[in-house]
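The following pair of complexes shares a single chain, chain A, combined with chain B in the former and chain C in the latter.
Then we have the complex of A and B:
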């Protein structure tokens, strides 16, 4: 049990830096930065289809609050999923039946499948938010903006997950996680 | 004190009511397009108007008066009756003949119009050029006295040389003036038996030939006057003479105002004009704003395809006229992020910059407008309330009459070959050209006309 708690703590440590960034971003979005804030300018210039908006008689300021809410909710979902999946793997790794030297490598396939499910879930969420018409703000995004959101979020949350599981995987199962066995013994 | 309080209360109630009404109206501020004036000259008392009948006295007309065995002589019957009809239409009827000159016909000679003798020239051979018909002369008279109704009976056999330059302008100038005054020109072509000589058929070499073998040939009754009278005369003739399935006749109305009416004026736009998609949609409501602007209110999904709006052509286009070849749509789209009417402020309405939103299409009987076919409902943001206002204009007149009379027309260049084929049914020289000329004069006078204005007020759902 102590080992599991240790794994959870290590996972949270691994997730920490990027999760903090994500939380800061979510809080910023909820706080609705002003039109002159860099983030507002960036969103207006790079994510929103301002030409189409102008055709409709709107401008960026008319829709930016919708975008803030949209991005905060999207990142909240992705962050929650990443934390849950990273913690899930770290705890699960303690229950892998590794009873002989070298057997941990066999469980790499478990990690690959688990990670594949995570990536698929992240991609699914991103697809749902950017390609379906489930959210009103989605219509204001440009094609390039959507690509940025999809690729950026995917890379960001996969790295966050990876760092989390890298540190949090049970010591005896580290060989199943890519490069985890290269960690110093203190971890 | 009491009176002042009461007055204040009334003002307050009126003010509150007008505010509530504005909110309930749920629409941006806009100006309604002014209906174009549809000038259709109509006189209050038709019976006080004179009627002038002009008979083409050229020798080629003589063949209509002589019966052709086995063929129905409509000329004699129609002309006989035309005099009767004319006398019913106006207060007094004046008869004239025209050929190389225009002269009145004495009352005792009117009955001779349907006899061959009327077309025989009794003067000297130089003075007696009775193969020419100067059709512009009656038009000139009509221009000088536009109050009357003018009926011209002719074979409309005009050479190309009569349809160019100065001779042409002698015809087009008075016609322009007539059309400008809101008058129209009705042309009834009747295929009748013919037993005589057709003179002046042009040849390739530049000369002319005669033809005597024709058994049938069309003649034309041209009526210049108000549309109402033209229709009356036409109706009478059709009902009395063209009842046999074998009777061939054609009709067209040359007018600069082929538009019958503006549909808003008589509240002729209803729920039936728009597709079921709208009338069966959630929260559908149809109403007239200030008795003028029909508004369709509804909720619709953004996945829906275009909204069809249909107008019957009989409701907007004068029957028998050239019709309209091109319709134009002027539209404006506003959107509001706030969808509840009670919460929408004037500033919430944003005007869309796109103007090419809907497309008109027409067939023989209907004008169909695909609303939101160019800018589709998918291309506008859902989750908003939209107010879409559309003005439908008749932009360009049609040329239906050219098509109607095409089969009875022969060009100068083809006349000799056609005659060489010994045709039984002889065609009219340059008829299509004449129609084209008349149409182009009418089209010059045509003004784009507002047919209808309507609005959609809808909530676009995802």
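Then we have the complex of A and C:
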């Protein structure tokens, strides 16, 4: 059990830097930064379809609060999923039946499948948020904005997940995670 | 504290075999000198113990070397520093094919003494070739042992003299003798050697710091003697064991009543007797299996050597034997002391032997080109690579000859451990109503009861299903799996004094407990 707790702590350390950025972003969105804040300007210039808004007689400031809520909820979902999946793998890696030298590599397939499921879930959430009508704010986003959100979030959360599992995978299972066996033996 | 143990005869040698395994499991004292007494030097049991003793000492020396591989002081693996003479066995009668007649110079005796000898020994006994022991004739053994001089120049006796000198110098010294009460060499040697030691103690005027203990094995096995070709032969007859024992016990009762020879005596018996399938009169074919009661003798010795064992002035006699039930369990094995749990230590050693022999040993055997496929695995990187890396050559030297020698020696020793426990469990209860449930062995070994030289064969390789039975290897509630061992070796803390392969060996040993 102590080894699992150790893995959980290391996973959280691995997730920490990017998760902190994500949390700061979510909090900022919830706090609704003013129209002059650089994040508001960036969203207005790059994510929102200003022309369509203008045709409808609205401007960016009318919808930006909806966008803030939208982005905070999206990132909260992705962050929660990433933390859960990274912790899930780190704990699960202790129960992989690696009982002999050389056997850890066999379990790389488990990691690939697990990670594939994670990426699929992230992609699914992003698709749900950006391509469906479930959220009203989605209609204000431009095509380029949606692409930025999808690619940016995917890369960001997959990196966060990878760093988390890189550090948190059970020592004896490291050969099943890409490059994890390059970590020092005593780490 | 200095400790000395003397195993007399075949039973004494077999008890030492158990004791050596107990010492490698960490149940022994810090240091121990081991000696054996047997006129039948080629005896299979004595040879087996001699080989095991040599393996123990060589492996321990290799793994407790501060400039090479070091398990470090705190490790319980091969804890006891065992020493022995170049030839660990003392032959009371030297020379080729000695007879009692020659030993006592029968032909030169005065007629009246000759007459006395004729009353005590029949002509067959006087002319019996004693190169294969005293054939369960303690009267022959006693005369032969008393006829030999036990002087300081003899390598065996010089150790006893040194022990007594050390006691005179203020050091605590404990000497322990193990033998059977019903054989030839053991029965004759036990009291005679003990009394000779006491005599030396008195001559040297040593009154304190010196303690003598002994373990007497009452009959615990028998065998069927084939009827053909036995006429006129002198040999140990199992039907005489009980009568011999009765006589010997009466003798000891009187001896102990009037003279305090021993500080502590451990007496072990067993009923029903184990039934051995093979009868051999002596020599290298007399290779009897290890039996459970002998473990009691060995544990008695270790209890005697334990620092917790406070020896008082009165002569103490402890006895142990089979419990009422016919089931022999781990709970029947007594602890050596309050902080040395026999069951935990032995089960750890057996798990270590299994996991080393089939899981980790094979991964470490061979040249670097074969081994390097594990170089990125955590256990290898942390425990082996780093500790066998040569900064001068900038290479991991685990595949080098000097390291391979240690790795293969340990594999051989692990096979000895597995053979020992399997043979003991099988042979103690075979053909009796008893049941021994210490380990499950049928998935890793074959037993051929009639084959004395290789009664137990350890499988060279195990398939995945057999390896998965590791969690049932020891009959306890721990359910320790090979996965747990792998996990443990990846996380157990390395003692900073450990070096070389000592790091891996100790961590694997410690990983075999939950």
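In the analysis below, the second predicted complex is superposed on the first by the 186 of 187 C-alpha atoms of A that agree within 3 Å, B and C clash if a C-alpha of one lies under 4 Å from a C-alpha of the other, contacts with A are read in each partner's own complex, and residues count from 1 in each chain.
FYI, contacts are C-beta pairs under 8 Å (C-beta built on N, C-alpha and C of every residue); 3 or more make two chains touch, one makes a residue touch a chain.
What you are looking at is a predicted structure, and each value in this text was computed from that prediction instead of being measured.
Undergrad: Mind checking the superposed model to see whether chain B and chain C fit together on chain A or clash?
TA: fit
Undergrad: Given the touch rule stated above, what does A:133 touch, chain B (first), chain C (second), both, or neither?
TA: So A:133 only meets chain B here.
Undergrad: Among the partners chain B and chain C, which is in contact with a greater number of residues of chain A?
TA: Of chain B and chain C, more residues of chain A lie in contact with C.
Undergrad: Let me test your reading of the model: by the given contact rule, A:54 touches which partner, first (chain B), second (chain C), both or neither?
TA: First partner only.
Undergrad: Kindly classify A:182 by the partners it touches after superposition: chain B alone (first), chain C alone (second), both, or neither?
TA: In the superposition, A:182 touches chain C alone.
Undergrad: Regarding the shared-chain residue A:97, is it in contact with chain B (first), chain C (second), both, or neither?
TA: Once the two structures are laid over each other on A, A:97 reaches chain C alone.
Undergrad: Counting only touches as set out at the top, which of chain B and chain C does A:143 meet: first, second, both, neither?
TA: Neither partner.
Undergrad: Closest Cα approach between chain B and chain C after superposing, in Å?
TA: 54
Undergrad: In the complex formed with chain A, which residues of chain B make contact?
TA: Those in contact with chain A are residues 302, 334-335, 337, 350-354, 380-383, 462.
Undergrad: Residues of chain A touching chain C in their complex?
TA: 3, 6, 94-102, 104, 170-172, 174-175, 181-182, 184-186
Undergrad: Could you list, by residue number, the parts of chain A that touch chain B in their complex?
TA: By the definition above, chain A touches chain B via 54-58, 62, 133-134, 136, 139-140.
Undergrad: Once bound in the complex, which stretches of chain C touch chain A?
TA: Touch list, chain C to chain A: 359-360, 363, 373-374, 376-383, 385-386, 467-468, 470, 481-483, 485-487, 489-491.
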